[in-house]
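In the two complexes that follow, chain A is the common piece, with chain B as its partner first and chain C second.
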Partner chain A sequence: MAAETLAALLLLADGRLPAGGHAHSGGLEPTVAAGGVHDIASLEEFLRGRATTSGAVAAAFAAAACAALTAGDTGRFAVLDAELDARTPSPALRATSRKLGRQLQRAMRAIRPHPCWAELGSRPHHPVVLGAAAAVSGLSPSAAALAAVHDAVAGPATAAVRLLGLDPFATHAVLARLGPLLDDVAADATRRAAGSPADLPASAAPLLDLAAERHATWEVRLFAS
Partner chain B sequence: MRARATLATALAADGRTRVATLHSQAPLTLRLTHPKGPEPWTGHDAGAARVCVAASAAGPIGGDDYDLTVDVGAGSTLVLRDISATLLLPGPHGELSRLRTTVQVGAGATLVWLPEPVIAAHGCRHRSDIRVELGTGARLILSEQLLLGRHGEQPGSVVQHLRVRLAGRPLLNQQLAVGPGAAGWDGSAVIGDRRAIGSLVVVDPGWTEHPPEPALLGDAAVLPLAGPAVLVSALAPDALTLRRCLDTALARLAGTHGHRQPAAR
Partner chain C sequence: MLHDQNTHDRDPETDDHEHPHPHPHTDTAGVLPRTPGRGLRIGIGGPVGSGKTALVAALCRALGSEVSLAVVTNDIYTTEDADFLLRNGVLPEQRVRAVETGCCPHTAIRDDISANLEALEELEESLPGVELLLVESGGDNLTATFSRGLVHRQIYVVDVAGGDKVPRKGGPGVTRADLLVINKTDLADRVGADLSVMDRDARAQRGQLPTIFLSLTEDPGAAPVAAWVRSCLSTMD
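The block that comes next holds the complex of A and B.
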């Protein structure tokens, strides 16, 4: 990867990107409340499961959207949107993905103006917008996949520090240990993104679905999802 | 062992469903049957066709490759069940066992498919692929129950992939991977310490205008999909709790009118 595109990837994957991601715990808040994550070890297993399920799906859709835009095939966005809906049975998670997608779309309109932001419609799914953002930034589908799977674990990891008071150093050590897994997930996602959208990964995470639905009924919560 | 079975139904002139094709290959055996247990939607309607899948051998065992094709013709009604639970067993050399199920439900047709649980024994390696194509106005009830290990046993590896398309568009696409070899599967993002996992898919064209609301039933959720359909996703500590949970959800969503006492299990 050329030096200038590396900088573009860092910009896209930075948690400080003003696209609202910091307000989401990726299902960690309701999981902590249910006792599913209570220490570093249980956080690591949670993140491992998230990376290989919703992380893998997001990575593949980001890579596919990136490849579609790079090839000038923006008509594929609608196909990816419908396929992602079919892989997101939880209505709460579909709503969250579209909300995060719209926030990233809004940020990217200003950061890197491009006609694709209008072509994505008014409520695009987050991984599709992330893939388009990668393409507009001159990044490859593999970079889009890596940004997506990194995003799937980095958000909940930092939320764990706030929710459980976990040691931030130990929490980041978990993210470092997950590095090779994230690389594998991104490589697999990139390989599969070259095929038909119908054959993209569809890994299920039943407890994440349940947690999202439960969390959506809470009246008071620290994180939006 | 390789086995293929094919089943097709058609709507006869008298309005009853006729079984047009019933082709089995041991150990995948299809048999015409009588109504058994509660029957949502069809309520023991004599006009529906009823078929049971009976495995005439143990397994599938690693290395086995089964193919089941079901074609529910336009306007016809099929109730498909299992004779008994399926026990997934390891092969002699750690091979994968595979079950491919390809289902077409024609325009206005109804498929009620309520299989018995699948039990993943220690050391098994199994992959199930179910592809369902629904025509316009088709109705579907499909449940799946997976039990991880026999009593107190560590399970083998199972991948269950379910794809449902409605009028050519994707409606549900979920692949669950559990057991050794699926990273993070027993963490609290995927299934945690639950050893009984189930799902229930209900597609009803009547929900196009007014889909059911999302709901929580303990460790189960009623998830309205982006279409006239609902997925009930349930996790339980054991088989009995799981079955009760799915039965409750099914009664709520599809009703179980006109049923007799459930058969002893």
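The block that comes next holds the complex of A and C.
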């Protein structure tokens, strides 16, 4: 595997990575419909909540998967998969995570060919694939965690621009303000990366779970999740 | 198009797929190869309201009894186009997939084709031997075009009511699509569109590439377009 470079991390965290993320709002679309997000201030609150719940879980699993692959312990993928399932009570969100995981896996097969893509199975969870992608890119667990928590907030922020017509500069200013929080979340995830998968964070976001279940029943929606 | 056997030789180191067939999405040539035993994928794009869904429905009626076919729709309202196909009894439910595009229909067919590839592969898995897969884009602007990694051929649909200057304006759909369909010719008189101008401009923009004038009102089976699709099916180019 290549040595860690910032360029590899930028490639992985770039919203233009063709791995299907653009069609997902991270729960923002149903939250907007329910009146939970309507302006920049409420968007910032939503993103802080997401970073510290589902974002923190995604970061921890990405870091753990990265550490596992770097250590040559791909047997851990199955354990991480089961542990992440247990932390995702919403069937809709489980399906979304596996769909995005498969799409990232498909993209990475071409971007960075590696035997691990087969070892991940046919429907891996997104954070696990992201962690593996970081490892294959020569990146560390902390980079994997940072990419995961960045992804958890950058996607919904872009969706807010599209759905609510929010000022894109103000929206990006929110992402900039979140920087220290994302660093903290990633640092915590990194500390746990080599530990037991059962001890990884299980921060829940019940409103996101409920929103995802409602959203999945909509007849008309612009985002896949 | 590239279809030489050499373009889909596989590296055993990287060929990690469970399925026995080669997978075009990891082809390094950047162009989806035609592979024996796998379906022909045709993208259908064009501006909002030009008649893409009606054309897909017509092709399903014309070709549905001849070949095993399936459809992926990308309408921004998710199930609307799929419902149209189902409601009209054109295709059974298991042959239609709807893909959400997150407000960006052009992204889903060009820059990030993941969701469409996913839908196509699901159809191929659930319908073994499917021969023709139509991917209908959500309505977009004249700059939208399909990735060569997603489809083998693309049809671009414009209509006379959108203005007879559209072919002259060009854009990748008009200039490079494998087939340009100029639809709703029955409305030409009523909207003051000059079909000869559209024909002249299309020829100037497209060189040798074919253009078909169509009225689905007068020809509900879209006979010339169905014939073009049949010719695509009959070759491995």
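Everything that follows uses one rule, which is that the second predicted complex is superposed on the first by the 221 of 225 C-alpha atoms of A that agree within 3 Å, B and C clash if a C-alpha of one lies under 4 Å from a C-alpha of the other, contacts with A are read in each partner's own complex, and residues count from 1 in each chain.
Please note the rule applied: a residue touches a chain if its C-beta (ideal position, glycine included) is under 8 Å from a C-beta of that chain, and two chains touch if they have at least 3 such contacts.
Please read all numbers here as calculations on a predicted model, not as lab measurements.
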Side-by-side fit of chain B and chain C on chain A, or clash: fit
Inter-chain angle, chain B to chain C through the CA centre of chain A, in degrees rounded to a multiple of 10: 120
Partner chain in contact with A:31 - chain B first, chain C second, else both or neither: first
Which of chain B and chain C A:168 touches, first, second, both or neither: neither
Partner chain(s) touched by A:48 [first = chain B, second = chain C, both, neither]: first
Partner chain(s) touched by A:179 [first = chain B, second = chain C, both, neither]: neither
Partner chain(s) touched by A:107 [first = chain B, second = chain C, both, neither]: second
Superposition-derived comparison: chain B or chain C, residues of chain A touched: B
First, second, both or neither for A:221, with chain B first and chain C second: second
Contacts of A:195 with chain B and chain C, given as first, second, both or neither: neither
Overlay on shared chain A, then closest C-alpha pair between chain B and chain C (Å): 20
Touching both chain B and chain C, residues of chain A: none
Contact footprint of chain A on chain C as seen in their complex: 11, 13-14, 16-18, 25-26, 28, 76-80, 99-104, 107-108, 111-115, 117-118
Touching residues on chain A, where the partner in the complex is chain B: 27, 31, 34, 36-37, 42, 44-54, 82-83, 85-87, 89-92, 94, 181, 198, 201-210, 213-214, 216-217
In the complex, chain B residues that touch chain A: 161, 163-164, 169-177, 182-192, 197, 214, 216, 219-221, 223-226, 231, 233, 235
Residues on chain A engaged by chain C in the complex (per definition of touch): 16-25, 99, 102-103, 106-107, 109-110, 113-115, 117-118, 122, 159, 162-163, 219-224
